[in-house]
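Heads up, the next two complexes both have chain A, just with different partners, chain B and then chain C.
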Partner chain A sequence: MNESERNIYYLRGIPVPETPPPGKDPSPWKKTDIVGTSIPRVDAYERVSGTALYPSDIRLPRMLYAAVLRCPHPHAEVMNVDTSAAEGMPGVRAVISGKTSDTDFAWWYSKEIKTKIFDPLCRFEGEEVAAVAAETAYQAWDAVRAITVEYKVLPFIAEESKSLDSSSPLLHPNGNTAKTDKYSRGDVGAGFSEADVVLDETYRTECELHMPMELHGCVASWDNDRLTIWESAQGVYSIQSRIAEILGLPLSKVRVIGHYMGGGFGSKLQPGKYTVIASLLAKKTGRPVRLFLTREETFLAVGNRPPAIMQLKAGVKKDGTLTALEFSCIATGGAYPANGTSLVDWLVRDLYLCPNVKTETKDVYINAGPSRPFRAPGHPQAAWALEQMMDALAEKIGMDPIELRLKNIPSFSQGREGNPPYTTTGLRECLSEGARAFGWEQARKRSSGSKENGHVKRGVGVASGLWFAGGGNPPSTAVVKLFSDGSVNLNMGASDIGTGTKTVMTMIVSEELGVKPEMVQIEYADTATTQYATPSGGSKTVPTEGPAVRAAALSVKQQLLSFAAADLKTDDSSLTLRGDEVISMKDPLVKVKIHDVTGLRKRGVIVGVGYRGPNPERKVVNPFAAQFCEVEVNTMTGEVRIVRFLGCHDSGRVMNRLTYDNQVFGGITMGIGLAMTEARILDRDQTGKMVNRNLHDYKLPTSLDVPKEMKSLPIEKPDDTANTIGAKGLGEPVTIPTAAAVANAVYHAVGVRMTGTPITPLQLCQALEKDGKERSK
Partner chain B sequence: MSSDEDNHACSCGKGLTRRQFLTSAGAGALIVTASGHLGKDQEVSAAVIKSGEGTKITLLINGKQFQMLVEPRWSLLHVLREELGFTATKEGCGRGECGACTVLIDGMPRYACMTLAVEAEGVEITTVEGLMRGEDLGPVQKAFVEHDAFQCGYCTPGQIMAVEGLLRKEPDPTVEQIRQGVSGNLCRCGAYTHIINAARRAAEMKKSGAV
Partner chain C sequence: MTPGFSYRRAASIKDAVTGLSEGNGRILAGGTDLLGCLRDSVFTTDMVVSITGIKELKRIDETPGGGLSIGALATITEVSENPVIRERYPALAQAAAEVASPQLRNQGTLGGNLCQKPRCWYYRGEFHCLRKGGDRCYAVAGENHYHCIFGGKGCYIVHPSDTAPALIAYGAEATIAGPAGMRKVSLENFFVPPAKDVTKETVLEAGEIVTAIVLPPPLAGLKSFYRKIRSRQSWDFALAGVALAIRTSNGRVTDARIVLSGAAPIPWRLVDAEKALIGKVAGPDSAKHTAALSIKDAQPLKHNAYKIPLFKGMIEEEVANISQA
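Here is the complex of A and B:
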């Protein structure tokens, strides 16, 4: 894993244990019986019956409820906090703030700038000022409202485009630039002079918020010096290491449990200040404390996809050869260094063949909540720019947009040093087979300039993408335990964040040991009892954990066959597992029931340990995608109805078609949100506060916003070079091209280029009016 | 900004939301008599219900009666989850925006966060736990499993109750009716396509009595 990948997933600086090499790699599966089929999730019962306990469902004896007082200003200094009234209120058991001596712990959004848990200088609306623990959540909020704070309100800046103006207030002593990154290959000047067509356009994507349905938070409980945390998290070990570091505790004394969790999308890779606050309140009161944020707080303080202003200049020859791409971007990770421009230029560097590329990205500070990684950081933004540009270039040279893309497909990663090849790339098939399945040519002709519906116009659009990571990596350790009746226990540290990890891992065990999936029980996501795993993010969980689980299952199998060989007085290489028996492949009469195998009976269980091996050297493992959509645009009202979508993805082997399709549709749904409805709105002139901090005004897609026709067409190319299960990541690529595909379809329908998200009826009407005026000139 | 504003004291943790309006109204609840018109300097003579003081109510949840003391400001959601342990019903926003807490009240889908517990006396409340037959799943739940109609599963109990409510009213809904029927239930994982398929399947299962 390279440094930028470590950085995105908060692994920099965390002591990541190296796992031992996995031994001899098993050969790839030629034929599978379980893997690749459609089976319902192994934990479906728990999730539909309500017996699945999410961290926010945990109720411990004597548990208290906590609430946090947050700064109502985008930029202010806390002069005084008076908690005396709150302390005397019914049910209140503890009040803490920057004034109380027991809260002096460091906090950092990145290692560059440290703050405190209750820092006197609040740089964004929603920074933590004080917290209360009380017998009920109602009483905790009563007390929060009774705390009096004296603020010195400071000037703020709420627009990244003005952050670097000399008149803007400084957020940090070294100025408002968090980071500038530059990249260059070839000579863009020469590239543009070679081009037949050069286009230059500015694009804008608005700030998008994660909004998982389960709120952010945890339950914290102490037993003397041992802290146990149930957190709604994407990974338990990443929570454990950060909390241990902040509180100065040994890792063994911090147990984090994260079984079920209600969505994260990147915002729950790390603990929040809430985790520390709950722990401090629990320590102070000697009682367990549950602290879950309100929905409103999650709009302010637990991350976002940074807004980006992107300028892209592109040159193309008449035959479709790209000659140069020049990209610059200003984005903001908010009030602290938080990777505001992370990977935002990656698609420009890597998606299409182009010898001359130059990018410059600048991450600036504004007085708003720090960003957190959000499903494919940087990529949907870049796709919004690049994929609309490809569409525009194709039109200018009179070429079909799919053909233009097909002319520029690389087999190696140009954005990386030394141009390493991709292990596999299915981008060509995603585009061509997707186009066939979608009926692209017919739909393109049918809707092009269609007049039959009067003011309602139809259009189709395509966009493609790749995801920078998605190959998985070490470390990972898995343990498989075979009981004497042939049933199996799988022990792994990874979280299942709703992507179906547990189900896929069960299928791998089932495949190798021949047990039915329902005979496999999983223990997972608990730092005290399960193995080490990095957090579930980066579309890497299946390709990371899968090979370790397979290796563990194969180890069990090998041990069992050796024991059986001793009983049967034969060579273990002639034996195989079939149902509940070990049987000779040469003589079917030579067999023994699993529960009669002497070695197993003597031990009680057979334990196999599996490790994730290294990735192939000097090769890149990336998933690829193309998505197609058809829209209907009402030119009188500006409304866009998305009629159908097709997601065509190369993520290597399809592990479970049912959960695979669900993931594809989910990514498209989230991308529709970015394209059509979602935007954080700050009152940039008067107060700097966020004005749409609720789910009525910040609109997530509903069942009425997704097209009635949703299709998924996997381009299944098992990637046997990448890892021993042949799978690549899926969770992020599925949302990368979506918004751009919608914008391209809108353009095809009405001939208006929507360069800014979201495509609201108002924006579209204004664009149509402007376009009409220009045409009539 | 004026210098006044630069140094002003503020006790507001956040803006006033509907939920907080309800809770703060409850916190210092003024019980106004029918004739009373509450003027600024009019003395309030009625009893003030303090935080922590209970009112006795009886709730009928999944066919069982629960007698309990509640604060008048408590939402039905709070009582279900925190007082009685019916944690299948989830909290996603606490103020009628997301639908995660959808339960049936007299067979109709309602947001438990927008219903005060004291309002829920004398009605029939059904949660996901109430769709179970012992340890066995009901038809809507089975259809959700079969069609993988969820990812993280957090909005799922609410989605299931919305579908259950729809099917009780309209046993054979069209796709459009289903889309409308679950449109008050947000799913950030975006499992809507599968939820709609599951709702169709549940209607078939219920009709054929195959469950």
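Here is the complex of A and C:
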């Protein structure tokens, strides 16, 4: 067998897209062979078999275990910490607290207010007071229990509605308002006087906790002056920069590795105090230190979706024209400035055509854990209010709720200065094609006639949404290496937070280079060895990293063609890559096998670097959504069963239908949690402590709480203006309309408006009883 | 993390009883409740006595009189799947199937289910309340959404077990072994209301263990059912639950037992409502009447008044259903 016949190439031998000249953007993909197909995750085997090493699996030689002593009161001053007993306990290697000089570093939840790692004033239950490193986790916890602390317990605030009362204690010297934002366009007064119907309602969404499967934490290890951190994180570079800043280290001396990770939902975009504490204990002991929180600690100290009280007044004409929207909101990011009202008015400003809009949001302090971004910050809350209001308006003017929405679809972003157009909007199709696929009309009629079916009633509901971001943005750098056998190495700094990033990026490389997906190896999420990337949040990883990866693959192709052109003594613009060879488009006899290309043989590798280019100017890239659901309500007990759900989403090009549907179903499941089961409960009238800090009292939905019938219908409109892969974000829009769709379906079934989450028998059977009494009057 | 303790695996019932009387021993069966309590420092112990090696406690046997004896170590899954229980004591099988989650049902035992500690979140949390020997009940002025509407006095827990109401509806009896030998207690009298002793949940004395639950033969023609309502569909205790056992003759009710879960500190038998049902035509009217009567003595706390329409709706629905069945 001669050499050229040996199957040494890992190529598929199918045509690949054209190669643009260097420096030029590629044209949009027309027909794709890999992108858009349903490929199982490239790391599915590792994840399912358990060979994948998550940061919490890391066990280093000589590693110590750390545990943290946390303030048991929502508001207290630490008067004295006595660690002497703990220090003498078996296995204990270090104890640190606000009293030890080596812990004097600043910490901030957002830059306005700086505190210390162990601050003497604890403003929420669970603030860090001291920490121990010991040979075993048990020894560390025994030592934590042996530390005695003298607290001066202070009065607390547990409800945002009471934060601004004059009798409430102050959390910070400048008062309890963290932030007030105002927005206005047009004249709402005039708008309301034009309206045929004006409605006003107050809504409330409860505080939700992220609860990712993998706990928050890290392993920290020093090698002389270099710190290495393995952290469960949504982005390694954001951990690196914050830790370097806090500890005063050069970026080059902080290496963060975060390969596999078990979920974050926004709560792992940044490091925690735990990262700093592990680093300090590792420094002090000269040994690696593992600090992963217990589940109970994560209920208190690693973020939440802020609870919100929202008032919305809306005016509509009989023909369905919205005339005015007036929205105000009090929410709380907890005990520190932490964006408690972030984007909570955005849907009111932007989702529907409306000339007159006024919003005011107030973020106030309470003595509870600071919030962190939570999947689509602000949006599910706003949708809960706005989408229920749209439903109520439609009913009042005798219009179908979908028709009302279709009457008010904007093609440009009204909430932004100058009304810039959206690159694409599929909101209309999400609603109309979704309605068709769901069988909306029939279901609506069928269930509104369900009064005869005894005391169990059916109802259907719809809600829509858009996501403020989701277009991705620079910077991102990716590197693709082509080896002489045709196999490829992709190097990128982004994490795969469980969404399938590695799979989608592999598909892009595969598409461009014609290489089998299994021949692409990815190096990722390591600040020492992979390229700079921003953390995975804002539904931006695919539209941010994808174009950079495509550009890197194209650069490889360009270099390969130019090396081949030298061999073939022709012009590289006449050449194309096909299977395992570079061939002339003019003369098929002019060709060379890849491994014979001299330039590649000499170097052994071709390295292509790709950068994420800028977004289109004066245009807005947003994903859009509509979701539909059917429920069954037992009017005697207030039990709600969700019968089926349809998620209809415009997120541009569908990169991989499997990972796409995973997001849709995951988002709906999370939205069902907001709608039906989840709420943080503080002992508001007595101690201010959280009472449901475990996984059976804090109720995440289980597989029996989500419907068997969940469907996803992508509205696929590749967005060629947005970026070179035509994809928009998906991870967050999928959870925006869900809760509101459930509430609307419940209303349709029983005629009772549930303005507060979660809709459990606790609320509903009382509301039904009240409604029944009113009706029988 | 759990503070330290000694561990002993008992070879026999006698051995277990001896082990328990040394120090403040605690029995370990499936451990699903015990380990949580220890980890959360609800109580401490210096001796954990495992009874899992005692084979005779695992048996489910028919008794000579036509009843059934269920060993304390029978798992909740075994109780829910046992063909005899499913056929003759369906409410018990249904109640067992509604307990917790599949993993917990595989690991948890019937004895442990009856002897589990209450789920009041103050009791389970860092609150030194009355039941733990403290001086106040935090539920009175606190977050009492899940607390009781009947039988609260000093303490306002609800009894957490789903199987207990069903067992009481069938008139089951607990067999207890202790330092002084064996004794039998009807399950209805097994649980201790706070009015009697706020620090105890069962009549078990130091060193006593439950060895078996004995069910009398089922009454001919008895219809029975367990219904549970909760805020999520798995892995959740009852917001409201009811075990119903009704016998009718010529359309009229001759025997009735109605026992509630999620209502009171002990499984709550509605004796008045039962009496009122007897002699009535089973149907929607008597269901309505029974439901109204069931809640007449309810004393809700600040956040749990919803339980009144909830229990009313559930009892009405179930009494009507069972009379049609």
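The definition used in the following text is that the second predicted complex is superposed on the first by the 752 of 777 C-alpha atoms of A that agree within 3 Å, B and C clash if a C-alpha of one lies under 4 Å from a C-alpha of the other, contacts with A are read in each partner's own complex, and residues count from 1 in each chain.
Rule of thumb we're sticking to: contacts are C-beta pairs under 8 Å (C-beta built on N, C-alpha and C of every residue); 3 or more make two chains touch, one makes a residue touch a chain.
All of these numbers come straight from a predicted model, not from anything done at the bench.
Of the two partner chains placed by the overlay, only chain B lies in contact with A:Gly91; chain C stays clear of it.
In the superposed model, A:Thr702 lies in contact with both chain B and chain C.
In the overlay built on the shared chain, the residue A:Met213 is in contact with chain B alone; chain C does not reach it. Judged by the touch definition given at the top, the superposed model places A:Thr637 against chain C, while chain B stays out of reach.
Contacts of A:Phe665 after superposition: chain B is touched, whereas chain C is not reached.
Legend: residue contacts after superposition of the two complexes on their common chain; A:Asp685 is shown touching chain C, with no touch to chain B. Which of chain B and chain C touches more residues of chain A: that partner is B. Within the superposed three-chain model, A:Tyr138 lies in touch with chain B and with chain C [touch as defined at top]. In the superposition on chain A, A:Tyr45 makes contact with chain B only, not with chain C.
In the superposed pair of complexes, A:Thr148 makes contact with chain B only, with no contact to chain C. Across the superposed pair, chain B and chain C both touch chain A at residues 72, 137-138, 141-142, 145, 294, 694, 696, 701-704. Contact residues of chain B toward chain A in the complex are 1, 5-15, 17, 20, 23-24, 26-27, 50-52, 71, 73-74, 78, 81-82, 85-95, 97-98, 100, 127-129, 132, 137, 141, 144-146, 148, 150-157, 160, 175, 178-180, 182-196. Of all residues in chain C, only 1, 3-4, 101, 121-122, 124-127, 138, 141-143, 145, 229, 231-237, 239-240, 305-306, 309-310, 313-314, 316-317 touch chain A in the complex they form.
Per the touch definition, chain A reaches chain C in the complex via residues 67, 72, 137-138, 141-142, 145, 294, 455, 634-639, 676-677, 681-687, 689, 691-694, 696-697, 699, 701-705, 758, 760-763, 765-766, 768-769.
For chain A in complex with chain B, the touching residues are 40-41, 43-54, 56-57, 59, 68-70, 72, 79, 89-91, 135-139, 141-142, 144-153, 155, 210-215, 260-263, 265, 292, 294-297, 497-500, 658-659, 662-663, 665-670, 694-696, 700-704, 706, 708, 710.
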